[in-house]
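Each of the next two complexes has chain A plus one more chain, namely chain B in the first and chain C in the second.
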Partner chain A sequence: MLETTLHPQGRALPAAPNRGRRADALRWIAGAFFLAALAFGIVAWAVGDVFFLRLATEALIYGGLALSVDLLLGRTGLLPLGQALFFGLGAYVSALVLKHWAASFWLALAVAMAASALAGLMGGLIAIRSKGVYFALISFGLAQVVSKVVYNTRELGASDGLIGVPAAQLGAGLSTALPLGFFLVVLALIFATWALLSWLMDTPFGRQLAAVRGNEQRLAFIGVDPWRVKLAVFVLAATIAGASGALYPMLRGFVSPELMFFQVSGNAVINVIVGGTGTLIGPLLGSSLLTGLRSVVGSWTEHHHIAIGLLFVIVVILAPRGLVGGLAPRLQAWLDRRRDQELS
Partner chain B sequence: MSADNILQVRNLSVRFGALKAVDDVSFDARQGAITAVIGPNGAGKSTLFNLVSGAFRPHSGRVTLAGRDITGQPPQTLLAAGLARSFQITNLFFELPVRENLRLAAQFVEAGPWWRGLRPVQASRAALQRVDELIEQFDLAADADEVAGALSHGQQRRLEIAMALASRPRLLLLDEPTQGMSHADTQDTAGLIRGLVQRGLSILIVEHDVDLVMKLSDHVVVMHQGAKLAEGPPAAVRADPAVQAAYFGKEAQHA
Partner chain C sequence: MDWIQFVLAPQVINGLAIGVAVVLMALGLTIIFGLLDVINMAHGEFYALGAFLAVVLIGLGLSFWLALLLTPLLLAAVGYLTERTLIQRVFHSKDRHTLTLLLTFGLGVLLEDLLKIVFGANPLRLETPIAGATELLGLFFPNYRLFVMLFGGAVIAAVWLLVFRTPLGAMVRAAAFDRHMTASLGVPVHQVYAATFAFGVALAALAGVLLAPMYSVFPTMGRDFVFIAFSVVIIGGMGSIKGAVLAGLLLTQVQSVSSLWISPVWSDPLLFGIMVLVLVWRPQGLFGRLGHA
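== the complex of A and B ==
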C-alpha cells in the first residue's frame, strides 16, 4: 500500500518528447499560479488584510519544503518521511542568527542554507545507502532523533522553542515585518527555486534523477555513479528545505521543535501528492490549497485533520496523479487542439 | 603476447559461501577479435562476466584491460577505461523513451568538467550526435519516441547492445545477446556483431547458442563447474574430447 500510494514509479511524468510537449501545459499552470499569487497579494494589501497575506506567505514557505520533497519523491523515487529535519534546522539557524548575530535577511538565509547543506551531506551519507521503505524510515528516524534532541536542549528553548525573533532587514528599508513586502520576497524566492529546478530537470543531471528512479543499477554501466547522483540531489533538497525553513521565523517571530516533527514532514508529502508528484508546480499548488484549508477548517473545528485526511483519500482515488498531474494532460490536449486550429 | 591482447584475465576466483563459482580462471581476449565464453548451465560463465565487468568483486586474481589493472573496479571506472557491457536479462530504463535511454548512455562521450552536466541536454552536441548514429545503426528510428518498455523483445535486445556501445568502448562484453530471440533476429544480431568487429571493436561474448558461437568467434573459452576446461579456436575446442564429454555430449541433442 505504501509502495503503490506514495511511491509513484509508474505515474510520474513520462519523459522526453511527451514531457517536452507537456512542459507547455505545466508552464501554463505555473504561470497561472504565480500570477494568481501576485494578484492575491495585491488585492489583500489593497483591502488592508494581514491575516490572509501572512497565511499565504506561510503556504509558500511550506511550498518550498514541498518542492524539496518533490525533487526526491517525484523525480528520484526516494520517499523522504523526515524532510522537516532540514526545514526545522533552517528555521532554528535563521532564528539564532537573527536573534544573536544580526537581523539581516540575507545573512540568516545564507547561514541557514549552508547549515542545511552540511546537514544534508551528513544525513545523505547515512540515508541514501538504502532504498524504498528503508530510505523512508531512515529519513524519518533521523528527523525523530534531531527533533527530540532539540526538544530537550534548554539552550534552544527546549519544548518552547525560540521566541522573540526580530524581523529581518533586506536593505533599502524593506523588512520582513511588512506583510505585502515579505509576501512578495517569499514569492520571488519560491519562483526562483521553481525556475531553477525546472531548468535543472532538463540537464543531464536532472535526467539522471529519472534514471535513478527507473533503474538505479544500470546507471553505473553507463558511466554514472548512482551514489553521487543521489547524494547530490539529497543535499540540494536539504538546502531548499533549509532555505524555506529560514523564512519561517521571519514570518512568525518564533520557532519550535514542532517544525521538525513528523506532522510537518507528512504534510509536505501529502501536499506533493495532492498537488501532483513530479510536476514541481503541483506541490506549490498543493501546499497553497492545503495550508489554506488547514487554517480555514481549523478555525471551525479542531478536527481539521479529518477533513484533510478525507480530501487526501479522495484525491488519491479520483486523481492519482494529483491535481496538476490530472489537469496537465487535459490542458495539453486543449493547447494542442488550439494550435492545430491556428495552423489549419 | 600482451600487445594484441586487449583483456588479460589471470587466476580469477570468487566464492559464494562454500561454492567456488569461478575457480582460478585465466584467459586472454584478443584485440579486434571475438572471444566467446561457453559452458553448460551453472558453469560460472555469467559470474565470470560479472567479475570482469565490475558487477562483482573477485576474491583473488587479476584483470588487465590494455595493460591497465582494472581488478575490482566499479563499472563506471571500467567504462571510462573503455569496457562496456550488455545484460542477459534486458536491463533498460523501461519507462523512458528509446531516445532518452540512448541519450543517458551517450552522455558519457561528452567531455569536459562535471558542471557541464548542469547545462540543458541540448548543449551536449556530441552526445546527441552519438544518439542519432546509434538510432541509425540499430534501425530504431521508427520507435525512437516509444518508451523502451513498449518495444518488442528483439528490439529491446538491440537497444540493450546499442546502449552498451554508446560510450564508444574498446572492449564490449555481450551477455547472451541473442537470448530469447527468433532465428531471424539471431542471424541479424550475428551480422551486427561481425560488423562491429570489422570496425575495430573487441568483443567478449557469453552465449548459450553453441552453433552461433562456433560460427562467430575467433577464440573460445569453455567453462565447466567454475573452472576453465579448454580454450582455443572453435574447431579445436569442438574436437576436444573433454569438451565433448562435459558439454556437447549433453547439449548435442538440444542444439
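== the complex of A and C ==
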C-alpha cells in the first residue's frame, strides 16, 4: 500500500537512533535535563516558590505520559491517539484509593499501575489487531468511549470528577503535600522510568520493537511473533501512563473526566513530536517546555492552543525530528571531534 | 401501531436526516483517504467552520440558500490552499501516514481555538429556513428534515456520478490506483490531489451548513460528529465510497433507534462495539478502496 521505495528523496521521521553513534549525545542531553530539573527544584524551594514548583511537577507528570507515547510512536511506530485513557484511569484509581481506602502513596501507585496494566491488556487486544492509521483511530475511539462513560457516571462524580483527594503519605514523614518533597519524588520516578526504558531499548525486546517499526513481516520470518511484541509494549505503555496519572490527584487534589479527553492525548503527542520522537529524553523536554509555555501564554490569554497548534504545525513541516532529534546529531559530532582530538 | 407511528417513525426520520449529513462527512474523509492516504483529523473543524461561515453569511443578510451554495465553495478554497501549502510539504516523506495525520491534527487544534476567539464558546442558533411539517401517510415530518434528506441524498448521488461516471472522476480513481502511471498519461496529479482535498473539505462544510438549523453552532461541535464519521469510514472500509454511504445510513439508524431503549450516553460505546466487531471479522472494513475495486 505504501510505495516507500518510489520516494528515496523523502524525509522520514527519525529512525530509532543508531545507539552506537548517538547514544552518547542523548545521554548527555538527558543528564543535563535531570540536573537542570534538580537545580530548578532546589532554587525554587530556596526562594520560597510554590507555584512554579507545582507547575514543574505537573510538567514531569505529563512527561511520564509523553514517555509512554514515545515508547509506542517513536520506538514501535504505533501512533496512540488515546493514551490519556490510561493516564485518566490511573488518576481515577489513585484518587479512589486515597479517598476511600488509605492515604498511602505506594498503595495508590501500585493499584493504579495494576489497573492500567489490565486495561492496557484489554485495550491492546482490541487495538493491536489493527495497523497504521487504523490503530491510531481505534485508540482514539477507545478513549472517546471510556471518557464519555466516565463523564456520565454519577458514582465517579460525572462531569465534576472527584474532589477533595487527601495528600498521600510516603512513609518517614514525607507527604505529597510538600512541594519540594513531592517534586523530588516525581523526578526520581520519572528518572527511573527513563532509565528503565533506555536500558530496555538495548535488550532483545527493545530491538524487536524497532523491528516492528521497520518491517513487521520480516520479524515474523525470524520467528518472533509481532503481535506479542506489540501487545507487550502496549501494556507497558499503558502502565507507564497509568502510573503518571496516579501522581496527578496527589498534586492537584482532584481528578476530572477532562484528564481522559482527546486534549490530553493530543497534547502528549505534541510534546513528543516537539521534543523529538524516539529519543525518550525529548518527550520529557517537550513536556517541560510546552507545559511552561502553556502556563505563560495561558496567563495572558486563554487561547493558548492556537500558539501550541501553530508551533506544532511548524515543527511537523520543518523539523519532524523535533528539538532533541535535531540537537543530538550536532552534539554527537562535536563530542566525536573532541574525542578524536584527545586521541591524537 | 401507535408506537410505530409516534415513537419509531420520528426516530427513523431523524436518523435519516442526520445520516445523510454523516454520509457527507464520511464521503469527504474516505475520498481524501482513498486518494491521498491522508487521515484528515481537522475534518470535524472544517465541518464547524462551515456552520460558522453560514451563520456569518446569513448575519450579513444573505439568504440561507445562498449561504448553502457559497459556504462549500469558500471552504473548498480553504481546503485547496491547505493542501497546497501544508500537506504537500510532508506528502513525499516515508511516514506520510503519520506526518499528515499529525499535521491535520495540529491544524484542527488551531482552527478550533480560532473559532473560539472569533465567536466565543457560547452556542449560536440558526433559524430554520423551512418551517412547518408535512403530513405523509398519517405521519408528520418536519419540512426542513425532509429537505435535508432529499437534498443530501441528491448530493450523495451526484458525488457518486462524479467519481464513477465522469472523466474527472476517472482521473481521481486512476491517481488513487497508480499515481506515477497516471502522471505519465498527462494527468496533472498534484492538482487532482489538491482539488480532491478541497472537495472533501467542501463536503464537510456542506454537512455543517445543513445541520446548523437543526442543532446549535459552537466551536467544538465537530468533535463528537467526526467520531461518528470516523467510525463509519472504518466500518465501511477506508477509501470506499459505497462503504461510507451504507455504513453511514446504517449506523445512524442504529444510533437513533437504539436511543429509544438506551440512554444516549451508551450510543457511542454501542457504535464503537459494532466497529470493533466488524474489524474482528473484516480488518479492512466492509468494502474495498477507491480505485482498487
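Operating definition for what follows: the second predicted complex is superposed on the first by the 324 of 344 C-alpha atoms of A that agree within 3 Å, B and C clash if a C-alpha of one lies under 4 Å from a C-alpha of the other, contacts with A are read in each partner's own complex, and residues count from 1 in each chain.
As a convention for this text, contacts are C-beta pairs under 8 Å (C-beta built on N, C-alpha and C of every residue); 3 or more make two chains touch, one makes a residue touch a chain.
Predicted, not measured: the structure shown is a model, and the values here were computed from it.
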item: Contacts of A:A210 with chain B and chain C, given as first, second, both or neither; value: first
item: First (chain B), second (chain C), both or neither touched by A:A158; value: neither
item: Comparing the two partners chain B and chain C, which touches a greater set of residues in chain A; value: C
item: Touched partner set for A:A333, first chain B, second chain C, both or neither; value: neither
item: Which superposed partner A:A32 touches (first chain B, second chain C, both, neither); value: neither
item: Touching partner for A:W199 - first (chain B), second (chain C), both, neither; value: first
item: Partner chain in contact with A:G223 - chain B first, chain C second, else both or neither; value: first
item: Chain A positions touched by chain B in one structure and by chain C in the second; value: 9-10
item: In the complex with chain A, residue positions of chain B that touch it; value: 53-54, 74-76, 79-80, 84-85, 87, 91-97, 99-100, 103-105, 107-108, 110, 116-121, 124, 127, 145, 147, 163-164, 166-167
item: Of all residues in chain A, those that touch chain C in their complex; value: 1-2, 4, 6-7, 9-13, 73, 79, 81, 126, 129-130, 132-134, 136-138, 140-142, 144-145, 148-149, 152, 262, 266, 269-270, 273, 303, 305-306, 308-310, 312-313, 316-317, 320
item: Chain A partner contacts - residues on chain C that touch it in the complex; value: 33, 37, 39, 86, 89-90, 92-99, 101-103, 105-107, 109-110, 112-114, 116-117, 180, 223, 227, 230-231, 234, 238, 263, 265-266, 268-269, 272, 275-276, 279-280, 283
item: Residues on chain A engaged by chain B in the complex (per definition of touch); value: 9-10, 14-18, 199-200, 202-205, 207-208, 210-211, 214-215, 217-218, 220-225
